[in-house]
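The letters A, B, C, D, E, F, G, H, I, J, K and L name the chains in turn, as written, and every chain counts its residues from 1.
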C-alpha cells in the first residue's frame, strides 16, 4: 500500500525519483566535506577560503532540503542517512587531517566539476518526466557553476 | 612537525580531543538522522514533529561547528567526513522509508538519551584536562536534555 | 482599439491568457476556501492545521497577484471579481459551518490534487506559446505539490 | 449540540453575529474588487492609484480575518466561501476589463461610502449587545473613512 | 495626603480602581498558571499546546502592565504582590505535577470563560465612571475571547 | 460647493469637527512646548527628563496627525498653521530661556492635567455625534494620563 | 550668572546664535505648514504630493532638533514656543481650508526658495564665527535645495 | 509510574530538583515584586529606577523559564502556582501602596543580596549532583550580582 | 591557454556566450538611461515616474551582475566597459537635458519593448545550447514585461 | 526658457555645474570599470579583491546619484548617458578579458589616484562658488582616499 | 622608501598628520576614561550617568577609527599603542577607585571642554592644508560640544 | 568605609579581584594593539587580516566591559585608566609604523598565546574562590583560543 500518493504517472515518478535521490546524496556529501575543509584548512589564504567554504555548505544544505521535500512531494521517501551517504557518495573528498589552502581550492574545483557533470545528465533525463523537477535541478546547477567559477578564478595561474 | 600548535599539555589535549571528536561524530550524525526523520515522517502529528525535528537539526549543526573549531583550536584536526561518520556513528537511527510519527518520537527519545549519557561521561572525563572543553559539553548537554524532555513529554502515555 | 499592447503574437497570447485566467480563478478561490477552513476548523488538531492553512492562503494570494499581473503584462485584463470566481470556480470546497480537523485535511488534499492536475495540463499547453508563462506555472505547481504532500503525510493512515 | 460555545446570551450573540457576518462579506468582497481594480487600471495616474489600492486590499484582508475570528470566538461559524460572497455581496464593483484611472477613483469612493454607511448602522445595533464587537466595528469604520477621504480628495474637482 | 493625584472625581475613581485591581489579580494569576501548564503538560499534543500557552502568558503579562499603569495613572497604587495574588486569585488553576494535554485544554477553557464573565461585568460597571478604563477592558476581553475560542475549538468533540 | 464630502449628518459633523480642531491645537502646541522644555532644561535630572520629554513629543506628533486626518476624513479641513496655534493655544507653557528640572516637571504636570480635562469634556460631547471620533479621543486621553502619572510620580514629595 | 557656558568667544557666539535661532523658527514653521498642506491638499495629484510633504516635514523636524541642540551647546537657550513661531515666522504659508494640488506645489516652491536664500546668507555670516555651525547650515541647505528641485521639476510647464 | 523519565540517578536528581524548585520560587517572586515596585515608585528618581526595575523583571522571567524547563528535563514537575509562591516565597518585598524611590533602591539591594546568598549555597550543593544545573545557577548568580551592584552604587552615600 | 575552463561543449558555449554578452550590454545601458531619465524628468507626474524609474534601474543592475557572473562561470570574460556599452548599445535612449514626464513614459515603453523582443530571440536560441542560461533569460523577460506593462498602462489614452 | 530654476547666481552655477558634471562622469565610469574588474579578475587573491571592488562600485553608484541630483537641484540637467560616459571618461580602465589580481590592484590604485587629484582641484574651484557643492566633493574625496589607501596597503611590497 | 603614498604635498601632509595624531590620542584616552567613570561611578544619579558615559565612549571609539584611517589614507601610520597614549595623553582624567556622580559630571565637563579647545585650534590649522581633514575635525567638534552641553546642563546649579 | 559592598568573603574577593583586574588590563591592552595593527598593516593579505583584527578588538572590548562590571559587582573598583594600562600591560605589542602582514599574524599569535596562558592560571586560581568569576574566565579563554587557532592556521607553513 502506498503511503504518500503521487500526482505523476509511475514511469515519470521513477525517473524523477532517481534524479532527486542521487542529487540528495551529492548535496549532503558536499555539505559534509565542505565543513571538513572549513575546519582543517591551513595556510596564508586560510580566512578567505574558510569563509567561502561556509557559503558552499549553506548552498548544499539549503538545496538538500528542497530536493528531499520534492521527492517526498512525489511520494518517494528520500534517504539521507549516514550509512546511505557513506556508501552512495562518490564525489572526490578531502583526506584526513590538516589540508593546505591551495589543495583545498583544487579539490573543491574537482568536486564541483564532477557534481555539475552529473546534474547536467539529470537535467536531460528529467525533461520529459517532470519539468518541475528539472527546473529545480537547473537552479542547483546554476548555483554550483557559479561556485565552481569562483574557485577556478582563484586557482589561477595553475601550478 | 605539528601544524597548529596547542596551548594544552599533551595529556590534557588527548583527553579533550577524544571527547570532542566523538561528540562531533554524534552531532553530525544527529543532524543527518534528524533531517531523515523530518522528511520521512507520516501520520497525524506530522507537522508538529516535522517542525520540532528542524530545531534538533539546527542545534546539532550549530554545536558541531563549535565543537570542531574547539578541536582545531587545541591543535587537533577534527574529522567529519562522510566515511568517518558512517563508521563511527553508533547512536540509534531511522530505518529506510516512511516512518510513523509515534515511532519517530520514540526513536528520537532513545537517540537523545544515548547521546546524553555519553556526554555526561565526557563531562566527567574532561573536568581536570580542560575546563573550557568541559563547559562547552555542559552547554550541549543542557540543550539536548531539554529536547529530550519535550519528546518524552509528548511520548506519554507510552504504549 | 487595444488598451495595453502585447509583445506576443495573437495565438500565443490567447493560449497563455486562457491558462492564466483559469489559474487566477483557482488561486483566488483557493485563498477563500483556505481562510474558510482556517476559521471553521474544530478538533484536537485545531492549532496545527489552523496555522498550516494560513500558509496555503499566503501562497495562493501571492501567486494570484503574479498571475494576474502576468496576464496584464500580456495585454489581457485579468478577471478576479466576486461574481467571476463564484461562477468559474469548480474545485472542491468546504460546506457551511464548523468542520472537523480530519475532514479539513482530506478536503485540502482533494482540492490541491485537482488544482495540480489542471496546472500540469496548462504547463503542457503553454510550452510553445510562452515559455515565460510556463515557467511561472511550473513554480506554482512545485509549491502546491509541496503543500499537498504535507497534508497527505499527515493524512496517514487513511481511514 | 453546540460545537464552539459562547460567552454571550443568545440574543446578544445573534445581533453581534449578524453584524459580523455581513461585515465579513463586505470586506472579502472589497478585497477582491480592490485587487481587480489594482490589475485593470489604466491611465496617467496608474502607478499612484495602483499602489493605493493595495493598501485598501491589505486593510480589508487583515480586518476580514479579525472579524471572522471574532465571530468564531462568539461560537458562530463565519461564512466566507466564494458562493456566499457572490450571492451576498452588494457593494458597487468594477465592470470587466481595463478601467480608466478616474473611473476607478470614483468607483472606490462610492463603494467605500456605501460600506461605511452600513458599518455605522451595525455600530448602533451592537452597542448594547456586545461592546467588544462594537469596538471592532468602530476601528474598521475609522480606517475605511480615512481611505474614503483620500480617494475623495484626489477626486476633485469632480466632473 | 494624596501622593499621585487623579483627574477623575472620587466616585468614578473608586469604580475604575476596583475594576482595574481585580483585573490585575486575574491577569497576573493567569500568567502564573499559564506558565505552570506550559511546563507540566504531557501527552501527544504537548508541543502544540505548549506553544499556545506561551501566547496566553504573553497576553496576560502585557495587559497586566497596562492595567497596573492605568490604575497608577488614576492615582491608585496597584497591588500585585505574591501574597495579594495568592489570597485574591479565585480563577480555576492546575493541580500540582504533570498534567495530561486534554486536561490542560479543558482547564484553560474554564479559566478563560470565568475570567471573561468577570470582565464583562466590569465593562458594564465602568461605562459611566471612566470610558478610558472601559475601553481597555474591552480590548482585554476581545483578546481573551479569541484565546478561549481556540481552546474550545480544539476541545471538540468533548468527552 | 463642498470639496471633501462627509458621511456624517451636518450636526454630528460640526460637534466632531469642533472636538477634533481644538484637540489638534492642543496636541501641536504640546509638541512645541515639549521640545522647548527638552532643549532648555537644566539641573541634575537633565538627562532623565530630557529623554522623557521626547516621548511626550512623539505622542503628541503622532496623535496630531491622526486627529487632523480624522477631521479631513469627515470633510472638515484641519487648521494647524503657526498663526492658528499661537492664537488658539491656551495650555500653560514654559517661559523663555533655561528652565530648572523641577520646574519643568511641575509645568508638564499642569499642562497635561489641563489637556486631559478638556479631552474628557470632548469625549462626553462626541459620544452621540460620532463614536469613531470618541474612540480616538479616548485613546489619546489614556496615553496623556499615563504621561501625567509619570511626571506626578517623580514630582513627589511636592515642595 | 551664565547657566550653560560656551566654548566660543562672545562675538562669535552672538553671530552663531542669531543664525541658529532664525533657522530654528524657519524649520519649525516649515514643519507646521508642511503638515497643514499634507492634510488639506485636494486634486488628482493628492497621493503623490501628500507623501512628498511628509518627507519635507521629517527633514524639518529632524534638523530643527539639531539646530536647537547646537544653540544650547553654545550656551544659548533656543526659543521654539508657539508664540515665538507665530510672531517670528515670515516664510509664505497656506491659507485656511482645502488647497488645490497645483497651488500647494507652487507654494512649497516659494517657501523653500525663500528659506534657502536666508540660509545662504547665514552660511556667509557664520564662516568666521563658527565653522561648526556653518557646516550644519550647509547640510540643511543641501537638503532643502533638493526638496525645492523636486517641487520645481513637477511644477513644469508653469501656468 | 514515572511520567517524564530522568537521565540522572535518583540522588543527584533530588538534589538538583530541590535547588531548581527553590530558585524557581525566588525568581517568580522577584518578578512579581519587581513589577510591584515598578508601578508604585514615587520620587525624583522615578523614571530611572522605573526602567531599571523592568530589567530585573525581564531577567527574573527569562531565568524562571529556563529553571523550570531544566527541572522538567530532569523529570521533576516544577511548581510555580500562585499558592506555592505565596507560601514558599521568603525574600523581602515591598509593602502595599506608593513607595519612595530611595526605599525601593534599598529594598531591591536587600532582596537581591538574600537571593544571591541562597544561590551560592545551591551552587555548592549541586556541584557533584549535576554540573549542568550548577552551570545554570552560576549564570543566574552572575546576572543578579551585577543588578545588585547597580542598586548598591546608586544607594550611596547611605543614610 | 584557457584561463577559466567551461563545463559546456564549445558550440553551446559560444551560443550562450553571445546571448549573455548582448544581454549584459542591454541591461547596463538600461541602468544608465533609467538613471538619466530619473534625474532629468520634469512635469506633474515627476515624483511617481521618478520612483518607478529607480525600480527599473535596480532590476537592470541586479540582473546585469547575474548575467555577467553566468558568462564568467561558463569561462567567457564578460565585457561591460564604458567604451563597449557606448559602441554596442542600440536600444532607444533619452536626448540630452530635461525631459517631459509623458515623453519619458513613451520612451521607456519603446526601450523595454525592444529589449524584450531581443530577449525572446535569445530564449529561443539558447534552448538547446544551455537550459541554465535560458532559464535566466526567461526570468529577466518576465520582469521586464511586467515593467513594460506598467509604463503602457499609464501611457493610456495614447496621444 | 529655464525649466528648473536655480537659487545660485549664473557664474556660481556654471562653476558648480562643471564640477558636478565631470564628477558624475568619473563616478559612473568608476562604477562600470569596478564591475568589469569584479567579473574578470583571476588569481589567488580573487575572492578578497572581488569583494572589495563591490564596495568601490557601491560607493561610486551612491555618490553618482547624489552628485546628479545636486546638479538638478541647481537647475542643471545632469548627463550620464552611455555615449557621454564613453566620450568624456578619461580615467585609466581595464583591458578586455581576464585580469590578474595584482594588475587589478595596481590599476585601481592608479584610477583612484587620478580621480582624487581631479576632485581636489574641483574642491578648490567651488569654494567661493557654492560651499554646498564643495562640501559634497569633500565627502567623496575622503571616501575615495580611504579606498585608495586600502589598495595601496595591499599593493606592498611593490614589484 | 615610502610605504603608503600620499596624494597631498609634503607640507600639507605634515600639518594634517599632526592634527590627526593628537586627535587620535585624545579620543582613545577619552574612550578609556569614559569607561573608567562608567564602571566606578556611585551615587543616586548612577544609572543616568552610567548610560550617558557609554554614549561618550561610543562616540570616541567610532571617531578614533575614522581619524586613524584618515591618517593612514594620507600615508601616515597612526600611533595608538598603550605606551603612546600613556605618555601623550594630557586631558584631565579620574582618580583611582569609586567616584561620586557629581564629581564625574564635573570631570567630564572639564575634559570635554579642554578637548574641544584643542580641536578648534586644529580646525584653524588644517583649513589650507587639507579641507577633507578639516571637515572631519569639524564633525568631531560638533559632537563633543553637544556632549559637553549635556553634562553642563545637568551640572547646574553649580556648587 | 566600604562604598559598594560585596557578597563574597574577604579572601575569595581578593583572589577574584586580582584575577579580574589583570584580565582587564590584558583585554584593554589587546583592544588597543589590535586596532594599532588594524590601521598599520600593509601587504597583499591586507584586507583579510584588517577585517579579522576588528573581530579581535570587538571581542576584547566586549569582555573588558563584562570583566570590569564583574569586579564592580564584587565591590572592587576596576582600574582601566591610560596610565594603568601603560604600566601594567606586559603582553607583546607592535612596533611603531607600518607593519608587514605576515609579521602582524605572527605577533597576534604570540600575544594571544601569552594571554591564554595567564588566563588558564587564573582559572585554576579562582575555582574555589568564586565559581562565577571562574566561569567568566573560561568563556574568555574559549573565545581567545579560537582566535589564536585562526591566526595559527593561516600562519602555516611557518618561515
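Criterion: a residue touches a chain if its C-beta (ideal position, glycine included) is under 8 Å from a C-beta of that chain, and two chains touch if they have at least 3 such contacts.
None of the values given here were measured: they were computed from a predicted structure.
Common neighbours of chain A and chain K, by the contact definition above: J, L. The interface holding more C-beta pairs in contact, when D-F is weighed against C-E, is D-F. Of all residue numbers that take part in the contact between chain B and chain E, under half occur on both sides, making this a different-residue interface.
Matching CA atoms, the turn from chain C to chain L amounts to 180°, rounded to the nearest 5.
In this assembly, the C-alpha centroid of chain A lies 24 Å from the C-alpha centroid of chain B. Separating the CA-averaged centres of chain C and chain K is a span of 63 Å.
With centres taken as mean Cα positions, chain K sits 41 Å from chain H.
Under the contact definition stated at the top, the residues of chain D that touch 2 or more other chains are 3-4, 42, 45, 48, 69, 72, 98, 135, 153, 156. Pairwise chain contacts present here: A-B, A-C, A-I, A-J, A-L, B-C, B-E, B-H, B-L, C-D, C-E, C-I, D-E, D-F, D-G, D-I, E-F, E-H, F-G, F-H, F-K, G-I, G-J, G-K, H-K, H-L, I-J, J-K, J-L, K-L [touch as defined]. Only residues 41-48, 50 of chain J touch chain A when the two sit together in their complex. Those residues of chain D whose C-beta lies close enough to touch chain C in the complex are 3-4, 28-29, 32-33, 35-36, 39-40, 42, 61, 64-65, 68-69, 71-72, 77-87, 89, 93-94, 96-98.
Taken together, the chain L residues at the contact with chain A in this complex read 45, 48-49, 52, 102, 150, 153-154, 156-157. For chain J in complex with chain G, the touching residues are 3-5, 7, 69-70, 72-75, 131-132, 135-136.
The touching residues of chain C, counted against chain A in their complex, run 113, 116-117, 120, 123, 135, 138-139, 141-142, 145-146, 148-149, 152-153, 156.
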